[in-house]
Amino acid sequence: MKTPVAIIGASGYSGEELVRILLSHPGVELTAVTSRQYTGQPLGQVFRKFANHPQARNLKFTDADPAALAKAARIVFLALPHGVAAEHAKPLLNNGCRVIDLSADFRLRDPAVYKEFYAHDHPAPELLKDAVYGLPEVYRDRIKSARLVASPGCYPTSILLPIMPLLKGRLIKATGIIADSLSGVSGAGRKAEMDFLFVECNESVRPYGIPKHRHLSEIEQEFSLAAGEEVIIQFSPHLIPINRGILSTLYVAPEQHFGSEAQRKELAEKITACYQAAYGNEPFVRMLEGAALPDTKNVAGTNIIEIAWRLDPRTGRLVVMSAEDNLVKGASGQAVQSMNLMCGLAETEGLLG
Amino acid sequence: MKTPVAIIGASGYSGEELVRILLSHPGVELTAVTSRQYTGQPLGQVFRKFANHPQARNLKFTDADPAALAKAARIVFLALPHGVAAEHAKPLLNNGCRVIDLSADFRLRDPAVYKEFYAHDHPAPELLKDAVYGLPEVYRDRIKSARLVASPGCYPTSILLPIMPLLKGRLIKATGIIADSLSGVSGAGRKAEMDFLFVECNESVRPYGIPKHRHLSEIEQEFSLAAGEEVIIQFSPHLIPINRGILSTLYVAPEQHFGSEAQRKELAEKITACYQAAYGNEPFVRMLEGAALPDTKNVAGTNIIEIAWRLDPRTGRLVVMSAEDNLVKGASGQAVQSMNLMCGLAETEGLLG
Amino acid sequence: MKTPVAIIGASGYSGEELVRILLSHPGVELTAVTSRQYTGQPLGQVFRKFANHPQARNLKFTDADPAALAKAARIVFLALPHGVAAEHAKPLLNNGCRVIDLSADFRLRDPAVYKEFYAHDHPAPELLKDAVYGLPEVYRDRIKSARLVASPGCYPTSILLPIMPLLKGRLIKATGIIADSLSGVSGAGRKAEMDFLFVECNESVRPYGIPKHRHLSEIEQEFSLAAGEEVIIQFSPHLIPINRGILSTLYVAPEQHFGSEAQRKELAEKITACYQAAYGNEPFVRMLEGAALPDTKNVAGTNIIEIAWRLDPRTGRLVVMSAEDNLVKGASGQAVQSMNLMCGLAETEGLLG
Amino acid sequence: MKTPVAIIGASGYSGEELVRILLSHPGVELTAVTSRQYTGQPLGQVFRKFANHPQARNLKFTDADPAALAKAARIVFLALPHGVAAEHAKPLLNNGCRVIDLSADFRLRDPAVYKEFYAHDHPAPELLKDAVYGLPEVYRDRIKSARLVASPGCYPTSILLPIMPLLKGRLIKATGIIADSLSGVSGAGRKAEMDFLFVECNESVRPYGIPKHRHLSEIEQEFSLAAGEEVIIQFSPHLIPINRGILSTLYVAPEQHFGSEAQRKELAEKITACYQAAYGNEPFVRMLEGAALPDTKNVAGTNIIEIAWRLDPRTGRLVVMSAEDNLVKGASGQAVQSMNLMCGLAETEGLLG
């Protein structure tokens, strides 16, 4: 029998992407979608692209009544702004649902850090101890039994996956890490703001949120856990005129010098082995070989993250690059990957299409 | 009387941009344009956008005969691939022309570095001593009297102008500099290659040439001259789906610690003063204030470079960002800026339109 | 057991899209892909986006040997240029394969019309009698048993489906039809030509092939069959800067006058009923209601065609608009729809993802 | 001495484009810019791209006080929504200013038509008799002495200029005209609406306002005047993902049959002669020759309209195509062209840059 699932806040870009994936997912049935704005309207009318999908025929947007949702669904996805998400999580958990939250509300272990970065008190600090950071490649086992998954942000995913194995393997220093990231405009959400009008984004590229973007907090938390020491990083997000995709270029310093060709070769082999051990069997991590470098167009619409790296003997640095779809591996696909784990399904179920 | 000028290789994107600027320039007359491919065809037929320009009526593409060009023009622009440019420069200089070369051929002082980065012997090493690096904000006086100007590349301009005053002012360390740059597709030139097809670039972002892009060589040369010591940098170019523009994000380390708020404030004042001294009167450098960050759309079609910076007390770094039009300040506009200096015209002549 | 299928010419945009659909198709197994250019290379290396797909692991590009393909596959897709396709079709049919050709080679019943529009003799006129025009909404039954399917072009699909029911129902005149169509750049194929460079297409829109584009021939053939008389239409294709999608705006004249509101209402009901009869049960035709008008972004990546229409009492015309993905419903998705019919599978199998 | 000019509503896309043109215009001085939203802020702060322009240094946004503006400027541009513009025009005219209105308020001669298309009573019907439709190629002499110029809309310009000479010359029928137009997103104005977000427009193309868009009214008015009889046309606007530009494809029926090659040739000569007579000396109309067809990228940023045409002997139709920049020839450039006429300046002054 298919597991019934629901989405709260299904009208934003992440919510819409969840709908797309879940409608075609063979292991679950999407039984409810909510949106304050569209309550009462058929899903296929609001998002015409789903109108012909057989599963979408009977779905109407409802309001987010936790008791009703708890009856309709075993797992509930929250695709809501931070602050709001936590408020919905509480009654759903109390009603016995398992919750996968795509907001930042449960990603940070320390409510003080939350307050520093999000500028308000944490709305449900008592739940933090139950939350599992939903990065399956790192926390697979804990996700399986979690009742509350904090699905990672789009930038953090693109930065954590390429670097965490190197940090854990002590191949790189925990200091001096720089993450320079480029995001498509869907990352800004479906909001009617001048800055995100077509004319303002097309033929434009710009940094923003420098030097202290909110996503820093969860990146540093996970890096610190991986390194076993406090890690402070430089993070520079930029907006580029594509719909979907994040490209991160990451600058790190290997622990080992590699001035000679022999040292370089030895280090390269260690890095290769490190990634092979971490990701050799991961279905959604694509380590690039040869001359290939990541490109968002090769991952758009998929749950894949592409990773490549180059040692630079001139500077003594290692440059790691990654590409992902910010709405799939950076949001909704990854959330479904966690759901698959929670339901005991194949991790790739519904995510290979 | 207007100075007669000519363009060799006027059919690429830089050449076309030179045509655009020079046709409307009040101080010069464009008397000849050459292109192997289009010899004999009227300019306005090959580039329809110039067809209605009164100055364009009598211009036909010719071949690049140096004697004929020397009769037709006092200043000749070379918008040619590296290697080819130097071969054209020699006879033109011998015929008494002054030459502004937009290729890399005369940018490097050391022919051995040229060979390392461009993979062939320098075609005219005897001319290197005469060449002036055509960055007016740095070499204004020498450009005025130069007979051979090596106009800088698009990436180098976007990296040198933001950083050189800081290096010269000893405000930052000469080590550990990282330049992460994003370029529009016109930077790849007008070449029929699959990688630059619309479908391959649209909805795509990708790094390339990592870790040793050719433009590194001239950046490091100029940084070394500014710092008074050898500078090695990390440079990561990326291709993004815009026609025009380069956005560079530059990571440097201030000499001075700024852990306390007082130290941060003091350092910020020094940086402000440094830029003010360097660029306070520069017509084409726009130092951004307040919350503003560079955006290529604000400089597209202009000869302006926008610069902003942020101190990050968390990491101890200074992040400097710049935006320019790769075809104007990054190529043809800057070349015309040099031409204005060489002709004794106002430096902004024909460049404020 | 899954039907084995193969693709000849799998490296163009249509071929790549066929690969994408067939790899995830539950009813078939993609056993061979050919490409002159990439022979010997693994599929996942040439098209990195397929590298992680379990089905792609063992696929390498081969050359297009008909005997080998006939052993490997029951159904062979031809994603080749016209002229070339017919040459491949013959030996495959002789070897017992069923063939779905995405080129124009078998779409026209009359080899003289082929010669008029494609400027060379038809390479295999003897096969024309066997070919079925692969528009499932029109020729479903004949496709089921066809051994040679001529899958329609992208423009024709976007024009035929909206208009054929009206012509057959005698609701509109067979004269004076105008089709004004806008295509994404993938319609031009994966070819290294200057006209399709990013910089030449971005911020550009242009008509081409006016007034006699090749696709006219198959549109007029099918309209003539539907109307029972010879139909001549006006067709104006344009290139717009999107990767995927065709939007067609179609101008036709209703047989019936509708000057009065009562007449307009009556006619509107007839049109509604006509489309309902034709497409009420079609899984891939979405008739829009209310204020909705077609938008390519709502069909990109899907096999759906969206259709809306408006009566204009001021001009006496009916304006019909459609949107489709030129690579899916306009090419590869439609070809797979035919394949499903040929294999006795559900027509939507593998096409709802 | 330079004529002082002002812009009311300088913060929209048309207003911004007016600022760009007027700042570099040698014959006028921009003395005032108004914007409710930005009152008190320096122009170069709101529109950073103007910050380095010497003329912009002393300009701050003010509110639109007519008495103050009448002191500051002889000519005032209104870049305001319809309805609002007329209210500003009255006091300015009363204070002795000449007014160039870029809205629709004074384009229609008949206030009843205005009410039909704009859904409210005309705010100043008494001024309509003074207004001159600001299409210089048609109403040059009347514009010179006008005190109120109603500058045409972007769609109408792209449709009127290609067709009016043919109508006036009785070369085409006044019935059955179809205009199919494609507009860049700046045509929608600088408004924070979901429909015009980058993600909603990129990779999207869609018709809108079909079948009765507001701009129909002024097109039909001018066509009727040209034809000497009432003209009703079909007009279909579409939104495409470019910043600037309109491409119109126009379907008309020649009066004369051209079934034979001799007739076709004769008619082609008449059309050529008709356009030559109308536009042979027009600086901003580019009649394309040979195989060339209009392309918005060749007119972006310029005041040029490109026109090409094709006779189709198969259908008996003439297809005329045009391309213009919707913000320049379709709005602000054309308004400045009128201003040049009003000031006795060369018509191309400030518009050839």
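Odds and ends about this structure:
Letters A, B, C and D mark the chains in the order given here, with residues in each chain numbered from 1 onward.
Basically, a residue touches a chain if its C-beta (ideal position, glycine included) is under 8 Å from a C-beta of that chain, and two chains touch if they have at least 3 such contacts.
Owing to the predicted nature of the structure, the values given are computational and were not obtained by experimental measurement.
Relative to chain D, the most remote chain by averaged C-alpha coordinates is A.
Per-chain Cα centroids separate chain A from chain B by 38 Å. If you average the CA atoms of chain B and of chain C, the two centres end up 47 Å from each other. Remark: chain B and chain D have CA centroids separated by 36 Å (rounded to whole angstrom). Residue positions of chain A with contacts to 2 or more other chains are 200, 202-203, 241-243, 295. If the chains shown are joined wherever they touch, the resulting network links each chain directly to all the rest. On the side of chain D, the complex with chain C involves touching residues 178, 180, 182, 200, 202-208, 210-212, 232-234, 236, 238, 240-245, 247, 249, 251, 293-297, 300, 310-312, 314-315, 317, 319, 321, 323. Contacts from chain C toward chain A in the complex involve residues 24, 48-49, 51-54, 203, 283-284, 286, 288, 292, 295, 298-299, 301-302, 304, 306, 352-353.
If you check the complex, the residues on chain D that touch chain A are 13, 184-186, 190-194, 196-203, 241-243.
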